[in-house]
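So that you can tell them apart, the chains are marked A, B and C in the order they are listed, and the count of residues begins at 1 in each.
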Amino acid sequence: MICKSPIRPSIALVEIAWRQNGEPVPALPIQPDRQVYTEQDDSLMRSAKSNPGRFFEDFSVGMVIEHPTPRTVTNGDRALCNALFPFRHALFSSDEFARRCGLPQAPIEDFAVFHFVFGKSVPDISVNAVANLGYAEMKFRRMTFAGDTLTAQSEVIGIKENSNGKSGIVWVRTKGSNQHGQTVVDFVRWVMVRKRRPGKTSGVTLVPEINPCVEADALPEPPGLDFSDYDFTSAGEPHSWSDYLPGETINHEHGTTVEEAEHMIATRLWQNPARVHFDSTLREDGRRLIYGGHVISIARALSFNGLANAQTVLAVNSGKHVNPCFAGTTVRAWSKVLERAKSSVPGAGALRIRTVASSARTGAFPDESESDAALLDLDYWVLIPR
Amino acid sequence: MICKSPIRPSIALVEIAWRQNGEPVPALPIQPDRQVYTEQDDSLMRSAKSNPGRFFEDFSVGMVIEHPTPRTVTNGDRALCNALFPFRHALFSSDEFARRCGLPQAPIEDFAVFHFVFGKSVPDISVNAVANLGYAEMKFRRMTFAGDTLTAQSEVIGIKENSNGKSGIVWVRTKGSNQHGQTVVDFVRWVMVRKRRPGKTSGVTLVPEINPCVEADALPEPPGLDFSDYDFTSAGEPHSWSDYLPGETINHEHGTTVEEAEHMIATRLWQNPARVHFDSTLREDGRRLIYGGHVISIARALSFNGLANAQTVLAVNSGKHVNPCFAGTTVRAWSKVLERAKSSVPGAGALRIRTVASSARTGAFPDESESDAALLDLDYWVLIPR
Amino acid sequence: MICKSPIRPSIALVEIAWRQNGEPVPALPIQPDRQVYTEQDDSLMRSAKSNPGRFFEDFSVGMVIEHPTPRTVTNGDRALCNALFPFRHALFSSDEFARRCGLPQAPIEDFAVFHFVFGKSVPDISVNAVANLGYAEMKFRRMTFAGDTLTAQSEVIGIKENSNGKSGIVWVRTKGSNQHGQTVVDFVRWVMVRKRRPGKTSGVTLVPEINPCVEADALPEPPGLDFSDYDFTSAGEPHSWSDYLPGETINHEHGTTVEEAEHMIATRLWQNPARVHFDSTLREDGRRLIYGGHVISIARALSFNGLANAQTVLAVNSGKHVNPCFAGTTVRAWSKVLERAKSSVPGAGALRIRTVASSARTGAFPDESESDAALLDLDYWVLIPR
């Protein structure tokens, strides 16, 4: 008899070992002895198949983690980037414009590629994170196009236990690759991760050396790009590389008020499963924390007004989420030119920009980015026609 | 003179017969003598061109209805599936992974195909439904890919008038096909439909025989699929067919709080026009009822955490929407393994799973799925590598 | 030393002239002497690179403006049109249906093409508008398909200063083209635009002559379309051209309640950056004004129920946003047949329709479209099989 009614639960320990094919599989999460985020200690009735993610104790320097869920990006993702962020940079908007810049078609927006790669790393790295502390040494090495399949890998490069015995900091270098095995973006990030068992200390500490910025002569040169025949009229602004002076500030003027549905739709698109963005029951105030990368993309998109020709991001030197962002916030952005540098991309130069996002309504560059209204402080290099 | 100002309304009966090309056209709705959902009896001023949908009296056993609005599915729909549901199953996410599983590219997610087909049937079957009562005998026979065009057809297989004289139950077998005329999914569903004229009884009753489940040896074998060279690392979990024991339960851990914009965007994507999902003025409490299929897709997507290798749904044995779902609800999911069966798909086996979605925050499998918090009780077969 | 810490702002005037390549560039905005929408007079610290948009004084009759941001439309945009509006017209939904109508594949929905072109014109024309006053002479000349790249150009054809000295009316003829330089849509619109310096009057007035409607013998004939082998069953309704009588009214029955996230997602998709749609801090009541075109697309989509065979819009004679629309409004639609005309498209005829959108719950055509509930009054021509 095959079609029987549902089996009653066996009140028994069902503990099935993770599949180990005889070899060490560093990508596989270590099995915790207890599930998280459950209010009752009823784990005895349940299998251990759902993955609670790594805790601080599960990381060690040198671990290499292959993140699951390869993702083929499509024109559907491109359309959603437009729908969710006020992007107007012509290189990502128009196949014709992209071809005039040496590319076969319009690529996937840089930070969207970052979000996909970051999202893959979340289940393995930061699903039990208390906070994302920072990014550095982010290099956008190569364009991604519709049809490419992205995968991600992280190496643990640092570890430091907090003195409170409840958590610690983990540094990883995460790399996103396409289906040809070419790196499209890589970056360092560090997160504060909860310990599974507070109190126990490992005593291990290795704080990695991180460059405060990507040096100008180490900037990536994305293959194919050529700004020699750049179309300023289509791009929307006349300002080229030499028109920007270090110290100059730009008020990007526009603001956008974020809705719950918008940030959740975007964050799911990146397959980022961090619960705090989706589950209104996790925080006492019933609010969902907006994925920090969402604010990065809003700020980058808003920067079009004054930086319309800063077509592509070459590198991120540092990024800091100054305050958490919640639905209802109106995000605005200001930029300051920090530095000009050469680029070997034909017809192009590099600008180092500091963009601050804030909910404040001020005309001036909000240099006191430590205020309660501040959301993001991002230091990065862009490519712009000379 | 052609450009005249708008014609004043002629206060006259404008009753135009539906176009009948000399032959019986069973797909065409029967013209009602009165419009629905209008507060005043002003039908005399109006034409009868808008379609109020069928009422209970309009159905008879043996009717075959060709549903309108063929729909070409694209990578845009795939991206929206990712944006609207937390899907992470690799087969649908990655062209590369899909090719390693024998397919030419990543297919459209199973339940998305169901939603498209279901949506087509709504204007003809359930637009005047009081409630969707259930699904059964649902078989996913063949993968759908970007570029395929879906059409749908239903046959009425049962009818039973309610004793209150106000409504009755209609059973239909609905079939979704691609542009080659191949069936991609078919299922039985039954709905309670309002009568146009309460009180009058037809006396006709035919309750069809429905299998309580799709038997293991009748499971579909979607052409092309081959799990012989399955990549567990990319898929994200090590658990294969033999690791799952009947009786075992899985808490999928994650929850997602649903917003009005999200469920409406999804339900429109499927071209499901049922008013109650979109019009906040229909219910006294001003709430919009979330399409039941939305909860199915959320539950299926959440089940990734513990069932990551259950790449595709082969069949649904039964589905029940235990309680209506409204925006603001945080949907969680638990699964129980009911049965293991063989599959002729190379390298694969079948698991029969019961997944319950609920807004409760409990660690244990919510077996009392009749509670107020319960949303969905779904019994289905998945394909998983051995 | 390259990696230095961020430069402190130089409190100095950074005024960089817009790039002028020796020739007059009418497309480039005139540089204002002050930024807008800032609360403090701190422009001395800032560069003038962000673009505040044109004010009334910046327009003159005969100006031709090439709008930036070319946009390649994709199947992702098509999917989003379906997700954001309840479109069910078969021509845009199915490649198979479109091929039977003479086209190579399903085209991009007409009003979506209009929204893309309109969106491009916003930064140059209406970003400082007080109100959009109207549209006329809109002709949809040619279908747009996935892969086409849209650009837009406007010519100023009229100007009239308001007696209050604070604003004036600007008339433009805007043209959207594809990558082959073919016009896909063109239209006249007029907007009330703020002056930069209230009080000063230019004395210039030229009010253009505008046709009250596109005459029947001047209707576009989109190349390729052929309704000779039209499939009424797939389209969903049996009514053809001769079934519609002038004076006849149709209640489209369905209503849809609009959410903030939905209208912002759509308006961003069109790359329309008008602040008032996105920034909840601009109005004292904290509400975001919904882009008028959003209501047009909702009304057009709802009109499927009764006008399912009105597959494509040929022309818009006039359009008026009777009242602003805000999130939470339930939009309903009614249509009245104004006129029948011939079309040289094989198998097709033209109908002139007046569609009114309103939040009122009335069964009758809401002829008193000046009521508070009225949202849109649109007079347009559609193509329908004979």
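Here is the rule we go by: a residue touches a chain if its C-beta (ideal position, glycine included) is under 8 Å from a C-beta of that chain, and two chains touch if they have at least 3 such contacts.
Keep in mind that what you see is a predicted model, and the values were worked out from it rather than measured.
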Inter-copy rotation, chain B to chain C, in degrees (Cα atoms; steps of 5): 120
Interface residue identity across copies chain A, chain B - same or different by half: different
Whole-Å gap between the CA centroids of chain A and chain B: 34
Per-residue overlap in chain A, given as positions that touch at least 2 other chains: 74-77, 79-80, 259-262, 265
Chain C residues touching chain B - in the complex, by the definition given at the top: 74-80, 82-88, 90, 93-97, 105-106, 211-213, 215-217, 232-240, 243-257, 259-262, 265, 305-308, 317, 328, 330, 336, 338-339, 341, 354, 361-365, 367, 379
Chain B to chain C touching residues, read off their complex: 2-10, 12, 14, 16, 18-20, 25, 27-28, 35-43, 45-47, 49-52, 66, 68-72, 74-77, 79-80, 123, 146-147, 149, 151, 179, 259-262, 264-266, 268-269, 271, 273, 275, 278-281, 288
